[in-house]
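Take a look at these structures.
Shared between the two complexes below is subunit A, which pairs with subunit B and subunit C, respectively.
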Partner chain A sequence: MAQFLVSLIGGFGLGGTYALVALGIVLAFRATGTFNFAHGEFMLFPAFLIGAWQTSHSASLAVSVIVGLAIVGAIGAAFYLLVLQRATGLPAFMGVIASFGLAAVLDGVMLIIFGSPEYAIHFSGLPTGVVHLAGARFSATSLALTGFTLVLAAIVAGGLRFTAVGRRIRAAGQDPILASQGGINVRRIYMGSWALAAVLAGVAGIAYGSTNIVDPSLTSVALAAFPAILIGGLDSIEGAVVGGLIVGIFQAFVATYLNSELIDVLTYTMMLVVMLAYPQGLFGTRRVVRV
Partner chain B sequence: MTNPCAAGLDEVFDRPPDPSGPLLTLRGVSVSFGGVAALSGVSLEIGPRDLVAIVGPNGAGKSTTLNAICQLVRSSGDITLKGQPVNGRPAWQVAAQGVGRSFQDPPLIDHYTVLENILCGAHLRLGYRMTDQVFRRRHVRRREATMARRAEILLDFVGLAGRRLDEAGSLPYGARKLVDIARAMVAGPQILLLDEPSSGLDHDERGALQGMLCTLRDEQRVAILVVEHHMDLVRAAATQVAAMQAGEVLMTGTPVEVLDSERFRSAVVGHAGHGDPEADGAAAFAVREDR
Partner chain C sequence: MPARELSTPAGLSEADARTSLTRRPLRLARRLRPRAAWYGVGAMAVITAYFTLGNSAFSLFTLNSCLLAIFGAVALNLLMGTAGLVSIGNSAFLAVGAFAAVFAVRSGIPFPGDVAFGGVLAGLVGMVIGLPAVRLRGLHLALATLAGFFIITYFTNEYQSNARGGGTGGFSVAPLFGSAGLTGQQKDWAWFLFVLVAILVLGATRIAHERSGRAWRMIRDHETVAHTLGIAVTRYKMIAFALSSAVIGVEGGLALHLSGTVTTDQFTLQLAITYIAMVLIGGLDSVAGAVIGAVLVTALPAIVPNLVTGLIGAQSATSDGSAIAEIIYGLLVMVFIMSSPRGIVGLLHALTRVSATQRVTGQLGQWRRKTLGGPIQSGDGGGSTGLESQ
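And then the complex of A and B:
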């Protein structure tokens, strides 16, 4: 029972991170149809900045979090304004390649600024110690961060569904011409979507880095979230959250009861099986094409 | 005769245009796509209570004219709306100035209901800020209720009140066109741009559409610019006709002056007609066939 509970709660922790990452990728995809391969770098940059800040400054950690998220949000917005907006009307594949380019540039910039360090992020305000639950022991920090990522993912998904701003973001993602004729400033919405996507990636990176070592391999967490996106549905906000949780919990159970080396194989196998039954993902839009 | 379904339209069209002077003026408007001239020096003038029909064969530049007015394509020349230039302005700002636009292929969101699709056009008038969602919830609810009531009035007006909760994807093509037109009207525009509104409608539905257009023109003083292939509708409803061919305005005048002219028949239809209803039907058919 204790092992099961550890797997389940550990899965929720990983799933919360995946959900935030997937939400960001889906937001950017809905805005411009671009699958963003620089999302891992968006995760890493603020985590590196906070790690470096922590080792060299005595100032408040909150300042470094705000600065890190503001910078990465600005990078996301600038990437849309300077690259993707100009590529409007061109094949979507160009935007994907451009995101590879952005990833390479950000990797190079981070190497120049930070080198290849390893950081451990410590938030002094987080609870510490061990929590006993049904015979299992949990880190209070991990539990707090798990709760934070899950609540944040739910707030973002709920905000996108139930607020006017969310409706505008979803409408602009569905059909930019329809949205523009409804009075929605589509460019601003797209720019905001990319900024929000980058900030969500940054938050996910910081949360993940708070319980793990921050090093360049953190970018691989974004790649690990890709199956979550396809399982949930590439264009579904709710699907991103559900897909993230499914993959996170699934991986935790595979690691506990089978073999951690099988995580990638079985996760992608699960993704393929889901796609066999639901090609559009569990919550994705099924497009009917009459021929 | 007053349309019985037109009750409440005063609430929707609550910003009647200034009756003096033209609402929309085009002077020497040109559009080119990669060196190919889609529009060459188009000039038109539309005032309140005008219903101007643009007729012509496929590729004549009819829809491009509407796109240029909405700023969905870049154009040269002068386009002024209520005396204010619109060239270079974002499409959503043009829409917010009181231009409603429906499309040849209705851009509906298939998994939204008919009512929700119509409300996609409501953002033009909702106009509340993100903070209002939190601090002025009653204000937000009141505005959204107002727009929902306007949408219901329009559903009744276009004859789709019984299908308000149907998914848009389940509607036949003609009904989709009517939803799109209602969406274009929900913000109470002063000028309506309709792209082939009668395509997909049967004879009775076309008659109902004609009644709607006349009601909007006569009772609500809405100016209407319509791209249309059904000459019987043009004869019955239009106050002015602009015949286009190869991106240029061939001639303008009353429906009789244009549609019965040998110049129009030989240039647009391809043969001179006889000026009788039967020939008109043949001409209309020929124009439709030309598409």
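And then the complex of A and C:
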């Protein structure tokens, strides 16, 4: 029972991070039809910045979080403005390849600025200690972060559904021409979507980094969010959150009951099965191919 | 864009060829590019001779890396550029080729046999990985091949950690031509790889301009129409996956014999993406483009540290050189997507307006105007980039 609870809560923790990452990728995908392969770099940059500044004591935690997220948001917006906007009209996969290029550039830049360090991020405000729950022991820090990522994912998903800005973002993603006729500045919305996507990635990176170690392998967390997106449905905001939780819990159970080496292969096999059986995912739009 | 196929003469469908009143333009187009491939092979021979006359082991090693990369780039170009099937799992086929060769060597199969075994096995695995292509296309197919990449990586990891003599350091075999000394070995390899690359380039050019090449382009641009024309779509897709994976597998086996060692850590997703970048920078659906892209992207990390030494000093050039090379490579990818989606080859075509292909395209345009009165597709056309949008 204790083992089950540990897997479940650990899965929610992992799933919260995946949900944030997946939300970001889906937002960017809905905006420009680009599946962002540089999302892992968006996650890594603020985490590196915070780690570096915390080690050298050059800025307070709040400042480094804000600066890190602001920079990564600006990078996301700039990528849309400078590259994707000019690639409009090209086949959608060209944007994906452009995001490979962005990932390479960011990798190189981070290698020059930071090298390949290992940081541990400490949040002074978070509760510490051990929580006992039904015979199992949990770290209070990771419980708090789990709650935070889940609440944030729910707020973002809810905001996209129920607020005016969220409606605009969804409208611009669904039908740019109709949206622009309705008075929505589609380009600004797209730019905002990319900035928001990058910031969400940054938050996910910081949250993941504060319970694990921050090193360049953090980027692979974004890869692990791909199955979450496809299971939830490529263009569905709710699907990203649900898919993230499904994959997170699945991986936690695989790690506990089977073997942690099997995590990747089983997650991707699950993705493959879902893709072949339900190509639109759980909540995605069914695409009709016409000739 | 119904007139899109006319932008490249080789993109003509079989039906067009059958209904054509005059076959002359088509035959011209068919002969043309292969001749260019012979010139390309000649140029490569000159370059190989230049480097083998020198004595720098490092530049010879760079040359050999470039020649090896040409295998993967040409193979991926066939799959991605010509057939329009996006695959980001291709470094897994390198792993299959290399590890199958290790297995064969340990089972007592000597050199050419083990590489061939690796190629065949990689081709078979490629067909399995390509199975989702029957149902999926575009981004979904790319992600399915990504899933394939992780699944294959799991098995190679298992093999490496469980096989006798494996472990984290990977496997090692005696390097080929090892008796010729450090530089001599690289020289022997350069000529050996040159011969193989020449065969590959000529073969790939021929395939791309014959019946299968036309069928692949038809599937890429209009899959449903391809069905109605009697093209066995599924079979052609499988052949594309099998052929390209087999060639990539052979590259993996050869790389094993060149370096003498192999570990699973070499076969990363970044490596797979590098090959996509080669094909894109060089120019989709162009064998010459794949060769140029492979050489450029592979040589970049070797060239950049020398180039930037004057700017930032020798010490930071050696420490940051590879990072700068990575930045340049990423920027190149983005710049080419924005300015010239058809890559370097497309850029060259645009610059030399009266290239040979253009003349044929012009003839085709006149022929179409006379016979059909249809729209005229002028210029090299920013035409099909080979990748259908979702």
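We adopt the following convention: the second predicted complex is superposed on the first by the 283 of 291 C-alpha atoms of A that agree within 3 Å, B and C clash if a C-alpha of one lies under 4 Å from a C-alpha of the other, contacts with A are read in each partner's own complex, and residues count from 1 in each chain.
In the analysis below, a residue touches a chain if its C-beta (ideal position, glycine included) is under 8 Å from a C-beta of that chain, and two chains touch if they have at least 3 such contacts.
Since we're looking at a predicted model, the values are computed, not measured.
**Student:** Taking subunit A as the common reference for superposition, should the pair subunit B and subunit C be classed as clashing or as fitting?
**Tutor:** Verdict on subunit A: subunit B and subunit C fit.
**Student:** Have a look at where A:213 lands relative to subunit B and subunit C in the superposition and call it first, second, both or neither.
**Tutor:** A:213 contacts neither subunit B nor subunit C.
**Student:** Where does A:97 make contact in the superposed view: on subunit B (first), on subunit C (second), on both, or on neither?
**Tutor:** Only subunit C; A:97 stays clear of subunit B.
**Student:** Quick check on the superposed pair: does A:109 touch subunit B, subunit C, both, or neither? Answer first, second, both or neither.
**Tutor:** In the superposed model, A:109 contacts subunit C only, not subunit B.
**Student:** Quick check for you: in the superposed arrangement, does A:62 touch first (subunit B), second (subunit C), both or neither?
**Tutor:** A:62: touches no partner chain.
**Student:** Using the superposition on chain A described above, determine whether A:164 touches subunit B (first), subunit C (second), both, or neither.
**Tutor:** first
**Student:** With both structures superposed, pick whichever of subunit B and subunit C touches the larger number of subunit A residues.
**Tutor:** In the superposed model, C touches more residues of subunit A.
**Student:** Which partner does A:272 reach: the first (subunit B), the second (subunit C), both, or neither?
**Tutor:** second
**Student:** Just checking: does A:186 make contact with subunit B only, subunit C only, both, or neither of them? Give me first, second, both or neither.
**Tutor:** first
**Student:** Where does A:226 make contact in the superposed view: on subunit B (first), on subunit C (second), on both, or on neither?
**Tutor:** Second partner only, subunit C.
**Student:** Of all C-alpha distances between subunit B and subunit C after superposition, which is the least, in Å?
**Tutor:** Superposed on chain A, the two chains' closest C-alpha atoms are separated by 10 Å.
**Student:** Could you give the residue numbers on subunit A that contact subunit B in one complex and subunit C in the other?
**Tutor:** Looking at subunit A, the two contact sets are disjoint.
**Student:** Which part of subunit A faces subunit B closely enough to touch in the complex?
**Tutor:** That would be residues 163-165, 167-168, 171, 174-175, 177-187, 285, 288 of subunit A.
**Student:** Contact residues on subunit C for subunit A in the complex?
**Tutor:** 86, 132, 135-136, 138-140, 142-144, 146-148, 150-151, 153-154, 157, 222, 224-225, 269-270, 273, 276-277, 280, 320, 322-327, 329-334, 337-338, 341, 385, 387-390
**Student:** Please output the residues of subunit B touching subunit A within their complex, sorted ascending.
**Tutor:** 70, 72, 90-92, 95-96, 100-101, 103, 107-111, 120-126, 128, 130, 133, 140, 169, 183-184, 187
**Student:** Touching subunit C in the complex: which residues of subunit A?
**Tutor:** 33, 35, 37, 83, 86-87, 90-98, 100-109, 111-112, 223, 226-227, 230, 234, 261-262, 264-265, 267-269, 271-272, 275-276, 279, 287, 291
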